[in-house]
Every structure is written in structure tokens, then in C-alpha cells.
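Letters A, B, C and D mark the chains in the order given here, with residues in each chain numbered from 1 onward.
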Amino acid sequence: MALSREQIAMRVAQEFKDGSYVNLGIGIPTLAANYVSDDISVMLQSENGLLGMGRYPSENEVDADMINAGKETVTASTGASIFSSAESFAMIRGGHVDFTVLGAFEVDQQGNIASWMIPGKLVKGMGGAMDLVAGAKNIIVTMTHADKHGNSKLLEHCKLPLTGVNCITHIITDLAMLEIKDNAFHLRERAPGVSVDEIREKTAGNLIVEGDIPEMRV
Amino acid sequence: MAGFDKVVSSYEEAMAGLKNDMTIIAGGFGLCGIPEGLIAQIKKMGVSGLTVVSNNCGVDGFGLGILLEDKQIRKMVASYVGENALFEKQLLNGELEVELTPQGTLAEKMRAGGAGIPAFFTATGYGTPVGEGKEVREFNGRPYIMEESITGDFAIVKAYKADRYGNCIYRHTAQNFNPMAATAGKITVVEVEEIVEPGEIPPSQIHTPGIYVDRVIQGTFEKRIERKVTRSA
Amino acid sequence: MAGFDKVVSSYEEAMAGLKNDMTIIAGGFGLCGIPEGLIAQIKKMGVSGLTVVSNNCGVDGFGLGILLEDKQIRKMVASYVGENALFEKQLLNGELEVELTPQGTLAEKMRAGGAGIPAFFTATGYGTPVGEGKEVREFNGRPYIMEESITGDFAIVKAYKADRYGNCIYRHTAQNFNPMAATAGKITVVEVEEIVEPGEIPPSQIHTPGIYVDRVIQGTFEKRIERKVTRSA
Amino acid sequence: MALSREQIAMRVAQEFKDGSYVNLGIGIPTLAANYVSDDISVMLQSENGLLGMGRYPSENEVDADMINAGKETVTASTGASIFSSAESFAMIRGGHVDFTVLGAFEVDQQGNIASWMIPGKLVKGMGGAMDLVAGAKNIIVTMTHADKHGNSKLLEHCKLPLTGVNCITHIITDLAMLEIKDNAFHLRERAPGVSVDEIREKTAGNLIVEGDIPEMRV
């Protein structure tokens, strides 16, 4: 059965290692923070200038000067640092953030991603997404495998304007976990109860299935 | 040290010299860390044809958004402008031009402008609409695009405290774009919550040295919160 | 938060992985703010063929100067190397290569290296021997040269205090090149006067966020003064 | 009579305005700090990362962590700020320092300066000089008008390797104060008792003398 948003987030969180610095985009990626194993610690980077983002504040902790990149009120965890936007993106662009997790409209088998602009619709801006995909060491895209009309979002070539090129290595969808390399999507894991055939059918790009594909543990 | 006393006593003085068609660089991220009183003064002055460089353009009725009401902004350079219905309307009408710039590139363009670096290379935006028309060059086998720096006729900045010499510190994530904006204005105006005496901020804790700052004004701030989220008790 | 505990207990651990022919970026200005114990460890390890990037190369018998004694440095990238007779001798003998780099360009090259900026333009050095062979380009009618960034296999840094997560502050002018060096190493090692617990340094006062730091070691420092000048009483 | 080192420094200090940020090189430039008028304040920038350099320390104020760009122990004045070398040169390169005063081997009528390298002699490095001459708003060179063999240091074209091009606007020598513009040295002031003829004789580059040339007040 296809994964829920929470299950996708759960599977994302399994990628993190103890001591990982992680930037989580808005939506499903943000949920991943809730599923980090108790055995490890990760530190959340928020690109508006906060490393060590903590929990949402209690009512009396709310502070207009303490927000995250989603413009939500947050707290800083113990050992956090706060800095300018230039420093924040020096970290990101310079490859110091271990994981970036973000959503996308489309990903293709070259590792290109389209996530910010649909021609004909009003463009609101890319925010920090282009810097994040250009800079992070490991980028995980979370999205549904196909759109609501059943059209695959895993393509041979992205059709929408790109956010970044040759940058995505891992995709976690509601159906599967895939790795991108050598100009193909390599199927690594299936969502519990989802068949390889279903994944194949919903993957428009070149899908490589080698050996038995295990089910995810979520 | 009278020559270093940057404190002015009115918003008129703070923004004196601002004219139509000038470029203003503004600190702030969303509504966090914005120079509320300086923005209000720009509205009051009624100058128009402005180019405004800021990560966002406020919201309807608050922050830089109020400069849209009388169509004072001709061009906006920003990374994200999705919080603002009036912005959308003026954009679709062709009354407003927007240059969408990746957030990190925008921060670096301001920093570079203040630091005498006219251009730099970044991988951000390569192969995307942002890279179109920009020079591409490979370094160590990876393609990068050239981005030019930004400076402004004015920079408007919100700090937590400043001393009379213009040395500033920022509070929490209200720092954001403010330190870079401060370096990139021909005239840099800082609106603060508290003016302190020189020496009160330890030298190594100063975020923005006074050399970048031309004018300091004591402000009052509403500090509107864009998305208040609390944890359940 | 064991995964973020960067503290190591020996200099061997601190510099583990350093090999012949690697590039080391070192903080410090003259003898001020130098990682004395890390330099001593490099000498002890006996690695050679090093490229060392640092504003200066210490003095005879102290600071980076001790790495000259066993000819461990093959190439020095620095802005000023005039304090050191052994340096001169090895340079004249052809045993040592030097790439003189303007001080501000050197600082910016390190910062750019850490920040993912492979190259930038500066007016510094245009029309001088430093500009020879470098690309020249005009911006707003002024010629600039292109300078490429620097990164190192190791960065060695001296901080005043660091917490276990690697968040650092520097003391007075011992800051100098240390913050940029810290960003530019594949492995960044910080030697400190005092290790504190996370949270002891207020978040907005941290000069170097721990994300740049791989290892922290408690050091002891002689802090030799190069030119002691006092005022007459 | 030719000015002493102290008198050159005195004349330099007259250029500063109330509220000037000033970077002083080693030697005569450093002396200028002693002659700033009591009516004005200047703030000294030391390129190792100190704005608001104070006096030399008393014996018990000496601190190895507080030095200037000449590697001398110093103090910080009230209202000083301390920062990284990158920030320091952002200030310098970005044109935020009002005055830079430095010595030179040669200056020419295009405003080029040679100050760091004599071929055949060991090269010690340019330190921050190239950044300073590329960045400061006003650059004042202090030097003797001629070398000890009587050869002019104010040339049509510098012979030594350059520190910077088209950057010097004012020169204060032991004989005169001159402004460089329109490809010529314009004589502005004479040292007390020094004739225009002597200055003309010791200036190899194009010297322009317009009207009466007043004596300096030092």
C-alpha cells in the first residue's frame, strides 16, 4: 500500500546518521524531524540563519525574533548557533550540510529537479531551494510517485523549469526508495505491499531493478 | 568623538536624500527583523520608481508591502514574493517588475557589493532559468554561473542595539539579511530597539562595525509574527 | 548528542589522517592566534611535501616556522613571510616555493573556498605582478582580476573557547584568519584554551558554528608576543 | 628646509576630517596618529581585524591576543570593534575606509604606486598593501621626494613592480604636498623654505605649478 506522508517522513529519517546536519524543506520533509531514531542526534539547519532549530515554542516562549525558514515561530536547541543569511548559505553552498530534504514536482534520471515554477502559474520564487540543491552533500527528494492523474513524476527528462541539475541522488516516494545514478533510477526498496510492477508502471524514466527488492521498514 | 555620532532624532533625517528611482537594500526575512519605521517613512515621503532589494516584499499592509499601496516600487529583487496579493496584482498588471534571485545568491550579492567584489561564481541556478544569459564557467569539472554584486543608494537595516558610533548587534534570527544590507548601501540607516553608549557592546561581539553605518535611529516596533506556531502543551 | 561531540583527547587523534603532500590551511596573524599544539604535532608526525596556506609562516623556531626545520613545507601561500631567516634560505635554495597573495585576497580565497564560491573578482593586484596571467574583466569601467578560492585537506584553527559541538569564539585580534580557515578544511581541527558545554556561548555570539568543525582539542599556549610595545608611563 | 618624519606625519594628519576612518601603514604613516587635531576624532583601522585601535598598552595591559597589523601589542579604544580578516578586507576593498596612508618606493603621474618589491632583493610580501590601495577612498603616500642618491621618486612611469594602478591621489614628501590628476603631479604646497625650483628639480614626472604655491603649516 502506498505510504502516507508520515511514513515517507519516517523512511527519510532512517537516512540520517548520528551527527548529521540536516536542512528540511516545508511539508513532508519537515515531518521527518519527528521520526529521528532515539539512538542518534541530528541538528536542523534553517536557512534563515539558525543551526540547531528546536521545537516549536510554548505560548510564553513565542518570540517574533526567533523564526525558521518557513517563517514559523521556533526555538533554538542547546548548542545552537545563529548567524547571517550570508553565513547560512556559505554553509549550504559550501557543502557543509549533510542532508537536504525537499519536495519536487518532477525529478529525472540525470538527477535534475523541478520544484519551483509551473509556467502559466504565478511564480512566487525559489527561496533557498536552488542553493540547497546546488550545495548539500546528499539530497533526498520526497514526493508522490505520480500526480493525481497518474502521470509519473520520475521522468527521463524534466519538463518543467529546473531548480538544479545533476544533484538528486535519492528519492523517497509513496511507492519506493530509489537511487539515481548512471542516468537511471535504481529501485532500492518498495513500500510494503507495493509490487515492482506497479513501480515500473508509474516510473516514466529508465528504471533499473536488480535482484530482489526489499520492502521498506516503516 | 562627535564626528562618529551617527544618531539622528527623526525619521525625516534618517531617510534624508532618498529620491525617486533610487535603489534600496533592505534587511529582514519575511516580517522578521525589518526596519518598520524606515519603511513607514519611505511611504510617507512618497518617493516612487524604487528598486527594492530584499529577500521578501512583506505582506499586504505590513513591511515592504505598504510601499506597493501607492505603487512606489518599480522593481523588486527578491527570492520569494508569495505572501502578497497586491504584489501579484501589480506584477500581473505589468506595474511591477520582479527579479527572482536564489536566497543564497541574494545574500552573497549584497555581501559582495559591500566588500568590493563585483562578481563571483556559484553553482546555484546553473541549468535553471536563473542561469539563462549568465556566463558559465567550469571549475574542477563543475559548471558555475557568474553573478554580479548589488549595492544600493540606501540600505535600511533593523538591529537590536547600536551604539552611537553605529556598532550593531542583532537579536536571534532577526539578524538574517541585515548585516549584508548594512554593508551595501551608499547611505546605511539602522533602526534599533535600543541605543547604547560606545563600549557597552564588547568589541568581538559586534555584528556590524560602525564603519558601515551612516545613521542610527531609535525605533518602535510592532514585530508582527507571520506564522505563530506553538507546541501543544 | 554523541554524534556531535567533536572533542578529541590527544594531538595524535586531532591530526589523524594528515599525510605527505597535503594542503593545510592555518589561522593566525604573525604569532597571534596560532594553533601551537597542532603545529607541534605536524612537526612530530614528520609529514612532508606540505602546502601551507597562512598569512605568515611564523618566525624562526616558533609557529609555522618550526615546520621549516625539517623541510616539511614544499609550498607556502602567504601575504608576508619576512620574519624568518630559515624561510629565506630555503626559498633562495629552491627548496621552498612561495605564492605571495595579497592579505585581503587570501582571506577572501579561504572564505570563498569554505562557502562554495570557486572564484571571484577583485581590483586588488590588477596591473601588478599578482595579476599576471589572471583573467581581467571590467565591471562599471574598472578592471578586476579573477581569483580562485582555496580549500585544504586540513584546516588548523586556534579559538578561545569551543563547546563540544565545535561552536567557537575567538578572543580579541586572535580572531584574524581563523574563522575563514575553519570553513575551508575538509577536516577542520580547532585547538582551544577552554572547552565549554553546549549552550554556554550564546547562539548569536558564536563566531564559528560547529558545522564547520570536525575535531576540538584542549591546548596549552605559550602565546609568544612578536613585538611588545608599551607606552611610556 | 625639508620636513622631518614627524613633520610629514603632522601634515598628513591635517588631511583627516572629524569622523574619518583611517588605516595607517608602518613607519611615518603610523606617526600621523600622534598629530590629529584635538578638534576632531578619527578611528584607526588595523587590517588584522581591529577598528578603533587605541594607544599602546601599559605594561600590565599587554595582551598577546591584542595586536595591530604591525604585530605590535596595542589596545582597543572605547567603541572599537574586532572582526575577522575577511571582514576587515571587506571594509577595505569595499571602500569604507576613508583614508589609507602608506609609504612607497615610487609613485608615478598616473597614480601608480610601487612599494613592495625590488627585483633582485628578497621579496617579503605585500601584506595588505595591494588591498588597501585598491580599496580606500583617499590614499596618501608619504615618502622622501628623492632617494639618497638624489633620484626622484615621483616618476613619469614607475620602474619597479607595482602595488596598484591609478589609485594614488595625494603625496606628502619631505619637500611638498602634491595631488595627482590628469596624468600629472600638481604642486599644492611647499615645505617651509623649500623653493618651487628645488621641487621641480627633484620631480622626474610631469609637474604642474599653477599660481602661487603656499607653504605648508607644520
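Keep this in mind: a residue touches a chain if its C-beta (ideal position, glycine included) is under 8 Å from a C-beta of that chain, and two chains touch if they have at least 3 such contacts.
Source: prediction; values computed, not measured.
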| item | value |
| --- | --- |
| Between A-C and C-D, the pair with more C-beta contacts | C-D |
| Gap in Å, rounded to a whole number, between the CA centres of chain C and chain B | 32 |
| Whole-Å separation of chain centres (CA-atom averages), chain A against chain B | 29 |
| Inter-centroid spacing, chain C versus chain A (mean Cα positions, whole Å) | 35 |
| Two or more partner chains touched - positions in chain C | 108, 111, 115-117, 122-123, 171-172, 175, 203-204, 207 |
| Junction residues of chain D - those touching two or more other chains | 50, 76, 82-83, 89, 92-93, 134-135 |
| Contact pairs between chains, per stated definition | A-B, A-C, B-C, B-D, C-D |
| List of chain B residues in touch with chain D within their complex | 1-4, 111, 113-117, 163-165, 167, 183, 198-199, 203-204, 206, 209-212 |
| Contact footprint of chain C on chain A as seen in their complex | 17-21, 40-43, 45, 50-52, 76, 78-83, 87, 89-97, 134-135 |
| Chain B - residues contacting chain A, complex | 29-33, 55, 78-82, 88, 91-92, 100, 102-108, 110-111, 122-130, 160, 171-180, 207, 223-231, 233 |
| Touch list for chain A against partner chain B, complex | 46-50, 55-59, 62-68, 70-74, 76, 82-86, 88-89, 92-93, 112, 117, 122-131, 134-135, 161-166 |
| Residues of chain C defined as touching chain B within the complex | 108, 112, 115-123, 137, 139-140, 142, 144, 148, 169-172, 175, 203-205, 207 |
